[in-house]
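Quick one: the structure is below, questions incoming.
Per-chain residue numbering starts at 1, and chain names A, B and C are given in the order in which the chains are listed.
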Amino acid sequence: MLESIEVTKKFVGKTAVDSATFTLEPGHIYALLGPNGSGKTTWMKMVTGLIKPTSGYIMYDSKPIGIQSRKEIAYMATEPYFYDWMTIKDVGKYYEDFFEDFSLSRFNELISRMELSEKLKTKNLSSGMSAKLKVAVTMARNAKIYLLDEPLNGIDLIARDDVMKTMLESASPENILVISSHLVEELESVVDRAIFIKDSHFAGLFDLEELRQSEGMSIADKYREIFGHGGQINA
Amino acid sequence: MQYDSKAPIYLQVVNAIKADIVNGTLKCGDKLPSGRDLAMQYTINPNTSARVYQELEAQGACFTKRGMGTYVTEDTEMIKKFKEEMAEEALSVFLRSMKELGITTDESIEMVRSHPKI
Amino acid sequence: MLNLLKYEFRKSGGIKAILLIITAVFQIVFMIGLFGDFEAPMAIGASSLMLIAWIGIGIIGIYSILTLHKDMNTKQGYMLFMIPKDSYRILGAKVIECGLSIWIMGAFFGALGLLDLSLLLKEFNEIDQIFDLLKMVIESVSELELNAGFAMTLVLFILTSWLFTVVNAYFAIVLSASFFNGKKFNWLISLAIFIAISLFISYIYNKLPIAEISAMKVSTNLLSIGFYLIPTVLLYFITAWIMDNKLSV
């Protein structure tokens, strides 16, 4: 279970996240939605420990986030971040060396599914291949919390289905997936709850089938309702 | 499968499976995929697929054998009932649409008769 | 920890290979000059080798500093900070890698220098006499004891003070990334802090009796090494603490 309690992050001249308070429960796939710059990435990085909150707490299984929680939390950043001197095989070895929950066999399975050769150097990958490698390396971990920042970015339409199936394969009643994405429509059937972040504030958590049943609204509809004219649907 | 994202997805999958049962794609007593496999097959959330089976079982379209899995019902009367219900639903939608266009029931029947077979 | 060290060494593998190749080239030039009796290549080879020894060790340190800067300020840093290791281990691996590289390089060039010197002595016996004369002169006007132990500890001292400089730079970079991020001229502030600490430590050192050139012996050299290790270790702990508690990448 992940609890965000009054979490705030201020940078020079800007408040990225303001008093975000909400709880995530295992056994669900959450969509984290909001326009560019609303604070989604900053929040995910705080859960991973890459950014330290200015104030507030993030509790994972009732314990504050720390070095040890990184063993069970997997973060996939939007940007490419692999060492440029590595090959895909090196990247797999690196993750195997440092993450106990990383499965090299699953990594190799995902790599071949995405048609990536392990001999390729990371600096020679196209943006699409880089995006697929990030997904492969993250989902090859058997984590308790997956934070995926724009996992479908840069991935072609056909491969997106594979990526979503890969994410579904990892979902279980014991873990949490949080997917931040602008491609709201593509996530409609895969996520079951949505968290909205507006102007660095938490703007609501909704059960999606509930929304459809009682209000006949899709995630996209809710998004438009919350963000009005300022909201963007497709990146 | 393409979904109408404004309507509950689990019901759409329930109807798709019921249609398969009715038209014989899924036969009596056939083993249905596990919740996880169903989620993968239809690209839906695992909780949604759990709800699909809950609903199907509540409607009597399938049953669960403890420790073994979920199976299509063997009750042919039940399947016949589904067929009639789903046909009725399709018919209502059709007649309503025709009425909105100002076409009478008799005219509709004539159009159906002379329509080239699909 | 071993894994962290493995990757830190891999990061510097390229530059070390280049240095090795350059050294090999100069060594060959020197040996051609020595055995073929060509003065020019011998002189060029010898002086180049001495140059590359100093520059090489300097480059190792600078490269280590640049690598840390890259880890702090680019997305590639995520590789390092997403893993479940605390900053004491992460930084510790960097310090150890740098320290070992500096000392091993120093030892390598030292051994190479001795090898080349003995080759030189074998060819030209006159040099042997010149060295003995030089040694007598120096020892008569000071208390210096020119022997192998002295030379080694002196070299070790120089290498250790270079390591201190590198760790000082680590501190300045982490300070900048943690507290001055986004502020204008943040590199200037951290540079100023780096210089201030450097000056401060050498100021204190020069006040100590062991700093006197005339007092230099093996024992005072060892004390000097110890002296420089203190701020090195201190800065390491402070930097690691800042990384764990105040750093956002």
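We take it that a contact is a pair of C-beta atoms (placed from the backbone, for glycine too) under 8 Å apart; a residue touches a chain by one contact, two chains touch by 3 or more.
Predicted, not measured: the structure shown is a model, and the values here were computed from it.
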>> As a test of understanding: of all chains, whose mean C-alpha position lies farthest from that of chain B?
In response: C
> Which chain wins if you rank chains by how close their C-alpha centre is to the centre of all protein C-alpha atoms?
Replying inline: A
> How many angstrom lie between the CA centroids of chain A and chain C, rounded to a whole number?
Replying inline: 43
> Where the CA atoms of chain B average out and where those of chain C average out, how many Å apart are those spots?
Replying inline: 75
> When the C-alpha atoms of chain A and chain B are each averaged to a single point, how far apart are the two points in Å?
Replying inline: 34
> By residue number and range, which residues of chain B touch two or more other chains?
Replying inline: none
>> Taking the touch rule as given, give the residues of chain B at its contact with chain A in the complex, in rising order.
In response: 3, 5-10, 39-40, 42-48, 51
>> Give the list of chain A residues in touch with chain B in this complex.
In response: 27-29, 161, 164-165, 168-169, 171-173, 185, 188-192, 209, 212-213, 216-221
>> Residue numbers of chain C touching chain A in their complex, please.
In response: 3, 6-7, 10-11, 14, 75-79, 81-86, 181-183, 244-249
> Of all residues in chain A, which touch chain C in the complex?
Replying inline: 11-13, 45, 48-52, 67-68, 70-71, 75, 77, 79-85, 94, 97-99
